[in-house]
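There are structures below to look over.
Two complexes come next, and they have one chain in common, chain A, joined by chain B in the first and chain C in the second.
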Partner chain A sequence: MPLKLLLQLSWRNLWRHRRRNGILVLAIALAVTGVMLMNTLMRGMAAGMREAVIDNLTGHVKVIHPGYMADPGIGRGFEPQEGWEQALADVPVAGWAQRVRVPAVIMSERETRGVQLVGVDPAQEAISFLGSLSVEGEALSGAEDRRIVIGATLAEQLETSVGRRLVIMTQGADGLNREAGYRIAGTYDTDSNALERVFVFTGAQTVARLLDSPAVTEVSLRLESGDDIPLALAELNAVFEDLDVKAWQDLEPQVASMVLVADFSLYIMYFVIMGALVFGLVNALATAVMERVRELGMLRALGMRPRSVVAQVVVESTLVMTAGVVAGLALAIGCFVPFADGIDLSAFSETMELMGVRNTFTPRLEVADMVTVFLLSLVLGVLASLYPARRAVKVTPLDAMRR
Partner chain B sequence: MAAADIAQAPPVANSAGTGSVGMGLYMRVAWRNLWRNGRRTWLTAGGIAFSVFLCVAFMSFQLGSYDGMIDTATGMMSGHMQVQHEDYLDDPKVANRIVAGSDLLRELEDSPDIVAAAARVEGFALVSVGERSFGGLVMGVDPVREPKVSALSGQIVEGEYLPRADSAYVGKALGTNLGLKIGDEIFVLGSALEGGVAAAVFNVDGFFDTGQVELDRSILQVPLSAVQSAFGLGDSVHRIVLMGKNANDATAIAQGLAPTLPEEVRVLDWDKLLPELRQMIQMDAVTSVIVYVLLLAIVTLSVANSFTMTVFERTREFGMLVAIGMKPGGIVAMIVIEALCMWVVGTAIGAAVSYALMIGLGAVGVPIAGLEDMAGQFMMPERIHPEVSFLTLGTAPVVLLAGTLVAGLIPALRVRRLKPVEALREEE
Partner chain C sequence: MADHVVECTSVSRTYQDDAVPVHALRGVDFTLKAGEFVSLAGPSGSGKSTLLHVIGGLDRPDEGAVAVGGEDVTALGDSELADLRLRKIGFVFQAYNLIPVLSARENVEFIMQLQGVDAAERGERALGTLDSLGMRDLADRRPGEMSGGQQQRVAIARAIVTNPVLLLADEPSANLDTGTTGELLELLKRLNKERGVTILTATHDPMVMGYATRQVHLRDGEIVANKAA
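Take a look at the complex of A and B:
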């Protein structure tokens, strides 16, 4: 049977029961909208977490000493050879930064706290949250700046302020304790109090002088796109032979597993909700077949092939499904657009902080996910039509005439 | 065919004539009508069963995991409640203390709602051994009382838990960073109460490993009195950690305790001590409610669809019933009872399977394999025990009961507009 005739027949059959099929399309649309909107939230959450860890001094890829994770300190530092970055000519890199990052104790006249002392070259830090930091007072002027910038929360805890001095104590390259006083150039404020409590920044050369070592503890790279991570890993491994080159997924496995959960949840949500829907779809299709026993029997008597009968039911099912999915996707886009720029979630700030996400939350509607939902629905539509189609094929001209 | 079925039920003909039909009869007729199209009934009831099963299973797991999370998180360090100086939570400095801590501790221990209580003193200090040093939180605890309010003593991997007055119980990661082994001497240096230097020497007698590196790298526990004297605190303490019988009672107990406390001292329940925990639960609950609402709405729609088809097909039959004297209201009642029966069949299946499964799993618990990383980070317990309660088992059936009745009623109301003559003329 030509496809055009098949479509025409199916279309008219559906139109014969507007109310019933209307309810079906509505239910499918509702299900698809719900699944897609939940998915935009999950995707947004995952992307937010990923961006946050990449910003928080991790970058896409980091080079560290193999022992640094277990025993962070300048003893686990290294000196990158001059011109190492030329090895990355083939990789689209957004930027890189060399840092010295060591645990330290910071003391004011009144309080003592444990922090991470990070020596940076501000010119390289456009790749991290440092690049876009809002600083009260002054930011660091360069790698040789001898002042420090601390978090606003830490400043409060230490009962100190811009312009005053703090003492920093840490272990030098020889394992001996070093201590020195530094003036506070400025205090920074971020969405995350945890960051503010932990990171104390100063010029890279200042830390080198304190620790008595020219070594750095990490080289962090931000790529143009996360898709280039494997390429960057391969190139960097060739340059830094004795060191660990790690992607952010290895450095922050918890966040990476959350991103995976988001991928996974689309399918779980889809099958849970669409599973409930399939019962209704099969029901309506089977009813439509049983109502048409006479008609189908006559068509068979006139010479319609069983194949065409099956095709007709499958096409009907697919048409209903397509109509529902298209309406659902359109509705989801409609609901998404007003929130595309972000939702203020400061009410949940502590959790967001725990999960490493910022206060404004940007949902993400991904075309790939919409395509996935659409294709899954087509498959489901065909599967749902199998049982009704089998019933339809079983109708013989004799059955029909007995009615 | 439909008319023949009805005719086989003689009581209908008889009582319809008298105009009063008993409830039992309605039930019987509705039940038979339901099975005139067994396939449709099974499919619709199957949809109900499917969604009852999913809702019950999801809700049990979800609420079960919340309880597990709360127990794990509060049991680690914070306890169900804490009594603190009113400024200590926001500004945990040595001076924000509870003076005369031991008297208050004894008073609180005597309170009937409190199962266990322990006092702590905390101060940030430089921990050094030889030439190496690290910053850490020195926590003075009561070696006897502390294990009753915190799981930390149970996370021991080597040595003993504070056997002597100068023992230290150190995080494994901190020990590694400082190159410590059992028996080593460590020096602790911090800022004392009056701005002076707090210094003390301890012997490493045990190591703990919680799996959370940040915690293992930053904490050491030592006996309470040693920290009190080193920091010049006398009898003062910073926290009195309290455990009730159940974490869920914490808020009520805290409210009861509040008026009995001295000035400048307040009691905080875990809600305030671990705000991120409550928010995480709320956020998770909101997103799951969306799923439940969707699932139940979709099943209700599919039941409605099923009854729309049923009512449409039986126009002729209804016309006949009205023609022989049955009131349209009676037909509406019959359809609604059919919907009710549909609900009974679907819910019975869904509930039987899910209740058996949840009660069984609730008893043994389900290990969360492969997610240990996340479990540590998000304060999840190692096993989830699905919660078996009226809320988890009852919500889906009750909501669907309402949904099914509405789904049956709306198409049934069309019957009131039925004109018997036209209906009888309709093609079967």
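Take a look at the complex of A and C:
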């Protein structure tokens, strides 16, 4: 049967039952819109979690001592060889930072808290959240800075403020406790109270002096794209043979799992919502086909082959599905655009922090997801129509025309 | 025989009606020569429509052989039967059975489209046929915008436009008034005389029988009379 005739008949048949097909298109459109909007939230959440992890000192890739994860401390430090970064000439690297991060106790006149003392070179920290910190007071001026910057939440807990001194106690390279007093240069404010409670920053050389060790505990790299992680891992493994080179997914497996779930959530949501819809679709198509069984029988009596009748029903169903999906995608884009720059969730900051998402939540509408939904819907439309179409051709032309 | 358009040999067909066997055809032998206008006549349940459907490949005999244009119908599958109907047989049904979403011209073109005739030739032949049946002015109307008689004329145009070996008409006058039936029968007669179209009708309308060149009477699934008009 010529395709043009097939499309002509199918198109005109759709317009015969405008109300029914209109309702079908609307139902499909709303379902697709629902799937896409939920997907933009999940994608946004996953991207937010991923960005937060990469920003929060992890980076895309990190080099650490093999024993550091189990026993973090300067005893698990290392000294990167000079010029190691030359090995990354073929990897698109946005930046890297060498840090000393050790567990410590911080004390004010009134309170004591356990923290992570991080020695940094501020010039290297454009790759982490330190590069865009909102600091009350002053930020660190360099690796030699002897002052500290603490989180605003920690300052509240310690009942201290900018300009006052705090004592930090930690374990040195020789295993003995070391302590020193530091003046607070500034307090930083982030979306995450957990970060503010945990991280205390000072110059890398200051920590080296305190610990009596030139070693670092981590080299963190941020890449131009997460797609380059395997390449970076391969290059770094060749340079740091005795150390662990880990991707952020290995360092934060829970977040990686949640991102993976978010990736699959499109399919889960799609099949839950569209799966429910497809029963209605099959029912509506079966009713429509059986109403026309006499007409379809007549077409066969005139010489149309059974498979052409099946093709006609399938094309009609696919056209309905296509119209519904296109309308649904357009509606989803329309709903998405006003929120494309982000949704302010600061009123729910505690909850969002638990989920690892920042206060400004940015939904993401990805073209690849739209294409996936479109293609899946076409397949679903074809599958949903096969049963009604086969029912129609099971009736002989003569029986069909007697109805 | 070479000039036989239809040859039925010992054709039997039995239906199950609520588990009760109904013998619609009992060993019928029937032939139709090219250029004949034959009417199958008989009361309801006599088997005339069943014989017409078996010849048209819309029904299958339980026993016997049916050949149309020299081709054994009983040996064909569903798709091959569809092809046979497409290539060799024109149908005119009691209820017109036009495609409601197509115009008169498109309905007439439909079978040619299935046959793969190119658009220019299709349009020319469809309009020419409609013109010969006095329907050219209604070429762009859809079935719902035409009277019963006009629809039946379009159905005839659709049936003859491809020059089929055989035109089958099942109770063609059933839904028409006397005047329209007369016009229709004149049309069929003209097609038979002028274009040599072989016509087989199933009817219990004496007016239709009167136009046929041969009448075949059936009763209880058997041919009881076969006479030239």
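Just so it is clear, the second predicted complex is superposed on the first by the 402 of 403 C-alpha atoms of A that agree within 3 Å, B and C clash if a C-alpha of one lies under 4 Å from a C-alpha of the other, contacts with A are read in each partner's own complex, and residues count from 1 in each chain.
Throughout what follows, a contact is a pair of C-beta atoms (placed from the backbone, for glycine too) under 8 Å apart; a residue touches a chain by one contact, two chains touch by 3 or more.
Note that this is a predicted model, so its numbers are computed, not measured.
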Task: First (chain B), second (chain C), both or neither touched by A:178 - done: neither
Open item on the list: By the touch definition at the top of the document, which applies to A:398: first (chain B), second (chain C), both, or neither?
Closed with: second
- [ ] Could you look at A:305 and tell me whether it touches chain B, chain C, both or neither (first, second, both, neither)?
- [x] second
- [ ] For A:5, decide between first (touching chain B), second (touching chain C), both and neither.
- [x] second
Open item on the list: After the superposition on A, what does A:111 contact: first (chain B), second (chain C), both or neither?
Closed with: first
Task: First (chain B), second (chain C), both or neither touched by A:209 - done: neither
Open item on the list: Output check: A:146 vs chain B and chain C. Expected answer is one of first, second, both, neither. What do you get?
Closed with: neither
Open item on the list: Can you tell me whether chain B or chain C touches more residues on chain A?
Closed with: B
Open item on the list: With the touch criterion stated at the top, can you tell me which chain A residues are shared between the chain B interface and the chain C interface?
Closed with: none
TODO: Sort out for me which residues of chain A touch chain B in the complex.
DONE: 19-20, 23-24, 26-27, 30-31, 34-35, 37-38, 41, 70-73, 103-105, 107, 109-115, 156-157, 169, 171, 175-177, 253-254, 257-258, 269, 272-273, 275-277, 279-280, 282-284, 286-287, 291, 348, 350-351, 353-354
- [ ] Flag every residue of chain C that touches chain A in the complex, lowest number first.
- [x] 53, 56, 58-59, 78-79, 82-83, 85-87, 91, 93, 95, 97, 99-102, 110-111, 113-114, 116, 158
Open item on the list: Please output the residues of chain A touching chain C within their complex, sorted ascending.
Closed with: 1-2, 5, 9, 12-13, 15-16, 295, 298-307, 396-398, 401
Open item on the list: Which residues of chain B touch chain A once you look at their complex with the stated criterion?
Closed with: 39-40, 43-44, 46-47, 50-51, 54, 91, 93, 124-126, 128, 131-137, 173, 176-177, 190-191, 195, 218, 275-276, 279-280, 282-283, 287, 290-291, 294-295, 297-299, 301-302, 304-306, 308-309, 312-313, 371, 373-374, 377-378
